[in-house]
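Same chain, two partners: chain A is paired with chain B first, then with chain C.
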Partner chain A sequence: MVSKTEEEEVNRLESQVDNGGGGAWEYLSLVRKLKLRRSDKVLKHGCSILNDSKKRSALGSEEWTLYEQVAIAAMDCQRLDLAKDCIKVLQKKFPGSKRVGRLEAMLLEAKELWAEAEKAYSSLLEENQFDQVIHKRRVAMAKAQGNISGAIEWLNKYLEIFMADHDAWRELGEIYISLQMYKQASYCYEELILAQPTIPLYHLTYADVLYTLGGLENLHAAKKYYAATIDLTGGKNMRALFGICLCVSGIGQLTKGRNKEDKESPELQTLSALVLEKGYKQQSPTKLPLLTSALKSLKLS
Partner chain B sequence: MGAGFFVGVIGVLILLHAAYSTIQYRTLLKITDEQFSGAPINVVIELIAGLVLCTWAALTVPGKFLSILPHSDENRVVSLPDNLDFMIFNHRGKAFPLDMDVKLK
Partner chain C sequence: MGGESRYEIHQNAYIKLVLHALNHRTSAVNAVLLGRSAATGTVEIVESVPLFHSQIGLLPPLEIALIMIEEYYSDRDLSIVGYFHANERYDDFELSTVARNIGDHITRYFPQAALLLLDNKKLEALPKGKNPSPVVQLYAKDTSTSWKLVGSDRSNQLSVKEPSANIVLLDYISSEKWKDIVDFDDHLDDISKDWLNLDVFK
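== the complex of A and B ==
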């Protein structure tokens, strides 16, 4: 989870480091802690630390963590030569280490030598059957080869053993969404909400999935989850506010002419529209006319 | 901290005294050969007083409590971490290699 203050901190440090101010190590540590994928920056600033022997030795044992971080970032930026150099250093320091072995296998993956990488991973798994990261790498490998159904199969197998791994649930949900299998995706997000009910983004995505599925019942449920997102973010999440508006107008369309007693009160929609307008006025007044026209079209339908 | 800590010390002393009195009472009962049915009323009062004082001290001494507000502005979750365990390397960034001439020395 990245909270608002942490996000601001990262952005502040990033601009500071980019403009030549110090704090590169703090920035890299924060990126690692928050698990952000800013490989180009990590590569640039990580190398500048690693090339400076004074700075490097000041890190103590953290030096090796930095080597690992830079190696992965280098693979992500397709600088395989650099990744290889980093891994060589680590290999010299920790011969026979499984963590370095994993990095080597990842390098094979980055070179697209799938068969070799698979062999390396299975030999690593033979030593330790319950290495979660390696299981996940296999899923990623199937995904990288475009074998999405294979990735789903691996992930389902993995989740049978490690049911509490919410990152894996999230990945599975995202894969299902990419395949437009919304029913299955909604199941994954239900699991996520159950595991971490205080994270508004899971509620939001679940609501999105339900809204996409459509149908009166799903729209009602989606509205509730959008409302939960608003509750958890203090009304700062624009997407959830838009979601409420869309849901209410969708429900109105579906129930039009049915003249039921349990007609929705329009209060929720007008309130969220008000908050939206206020937010746009504050943040980007130029786009306000766009918003008002969009809201008007929603209310008319 | 001073006052709260002092109150806490008094509370602990009262609890210790209550324990001591109970032990004394039990030895007295052994001498008079009676059954132990419960602590005497003054010990119970002592216990309650000690409990209240200790609880109060434990709540005030460590410092101010911070509220858990999931929707407070600083605290709200704005994004999830990138799922790095599932990161793949043949993404579209591959088509645009970085022009960065970093090298490990």
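== the complex of A and C ==
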């Protein structure tokens, strides 16, 4: 995951390079390190280095890393001609390389030659069945063809081998959410929270999934995970604060007419509403009246 | 019922929808349409608010967004009259279940609600042709309970109010205006960002 300072740094560098202020290599390295998807920029600034033999040779052995990076960016931008050129250079430098083989297979994939790409990937996997990138390409390829159940199948197989891959669990969770399979999605986020209990985002999404599932028990659980998110973010996460208000309101509706012990104490909602109001007053004053009436409608219902 | 309605969308509302989708090319996005029914039986779509670009299937952010948006526009005599959806994949022309469900929810309050799906093929062809028709597919519920694509033979059932809208849209695309579009996801991450997008058309 990319932190806010890292993102600011990369944005600063990007506009610097865009405006001719130099630092292209630094920018490209950072994009690689943070695993960002800024293919149009990578293509533009990467090519400007590759097309300049002086700048290119100054990179030393990193030159080949750049060819690889630009090849992938070019495929993402549908500039298959450029991708092919980069791959050719790498083939010449590293004949028989598996890493270059991967790029060749990706080019087949970019051309939507699915059967041929699949063949190339499986032969690469035969040689090294623990190549995570190729396993992931298979998932992506199923997704690209609209075969979502296939993508789920490949991801589950992948997660049997690489259980500790958090991004893969997240991807699986997101796919389940997009299919409205919330029960299955909740399982993915439980895994993520167990593996990395201090990341607020997992608590938040898990709470969102539980709220979406609905029912008294899930609403109570959702409220706890929203509270954990607030705790972990020092009260700065607006989504979690809104989540508390929604949960308390929902619980109130479901327990209407029951005896007092089942009722929610309104304290948590009142506190969340106060923090929300303070936040809007400071950062979004024109929307404050909207917030106030939204909160009112949640209390009354 | 719904299948017989005509829809007219205002230029700015329409442009915001497309720019929002372009701002998040690698994910599904959605938006809500605001307007009113005119005396002639036409549904007038006056405004749109971009909603989300991540995890569209989750309820809490949607509920918050709808409460606030309804609250804001009720003072301006506009209510929610439809829903816009753009799929994650370029060549995916299926109406997802999430889109259907949100659409269903809206029809409970506004039976003639329009459901618009971004048509990437039309969007791609935009610079080549002079077609003034909007780059979306229109779905509506007829007397049955399911969403039906309103066929191209009756394509005039959805029109943009200003005939030059696509030319203006192209201009906005080439000047990369899509970067400035703020949706409700952005607002929830940083509440100082305004989902009304008042500055986009300045």
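Everything that follows uses one rule, which is that the second predicted complex is superposed on the first by the 300 of 301 C-alpha atoms of A that agree within 3 Å, B and C clash if a C-alpha of one lies under 4 Å from a C-alpha of the other, contacts with A are read in each partner's own complex, and residues count from 1 in each chain.
The working rule: a contact is a pair of C-beta atoms (placed from the backbone, for glycine too) under 8 Å apart; a residue touches a chain by one contact, two chains touch by 3 or more.
What you see is a predicted model; the values in this text were computed from it and never measured.
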Chain B versus chain C as contact partner of A:16, first or second or both or neither: neither
Touching partner for A:167 - first (chain B), second (chain C), both, neither: first
First, second, both or neither for A:144, with chain B first and chain C second: both
Chain B versus chain C as contact partner of A:239, first or second or both or neither: second
First, second, both or neither for A:37, with chain B first and chain C second: both
Which superposed partner A:47 touches (first chain B, second chain C, both, neither): first
Which superposed partner A:200 touches (first chain B, second chain C, both, neither): first
Which partner, chain B or chain C, touches more chain A residues: B
Partner chain(s) touched by A:279 [first = chain B, second = chain C, both, neither]: second
First, second, both or neither for A:177, with chain B first and chain C second: second
Chain A residues contacted in one complex by chain B, in the other by chain C: 37, 143-144, 174
Interfacial residue positions of chain B with respect to chain A in the complex: 70-90, 93-94, 97-98, 100, 102-105
Chain C partner contacts - residues on chain A that touch it in the complex: 37, 143-144, 146, 174, 177-180, 182, 205, 207-209, 211-212, 238-239, 242-243, 246, 279-280, 283-284, 286-287, 290-291, 293-294, 297-298
In the complex with chain A, residue positions of chain C that touch it: 26, 28, 55-61, 63-64, 67-68, 71-72, 88-89, 91-92, 94, 96-98, 101, 188-192, 194
Residues of chain A that touch chain B when the two form their complex: 1-5, 7, 34-37, 40, 43-44, 47-48, 50-51, 72, 75-79, 82, 85-86, 89, 106, 109-110, 112, 132-133, 136-137, 139-141, 143-144, 167, 170-171, 174, 198-201, 231-236
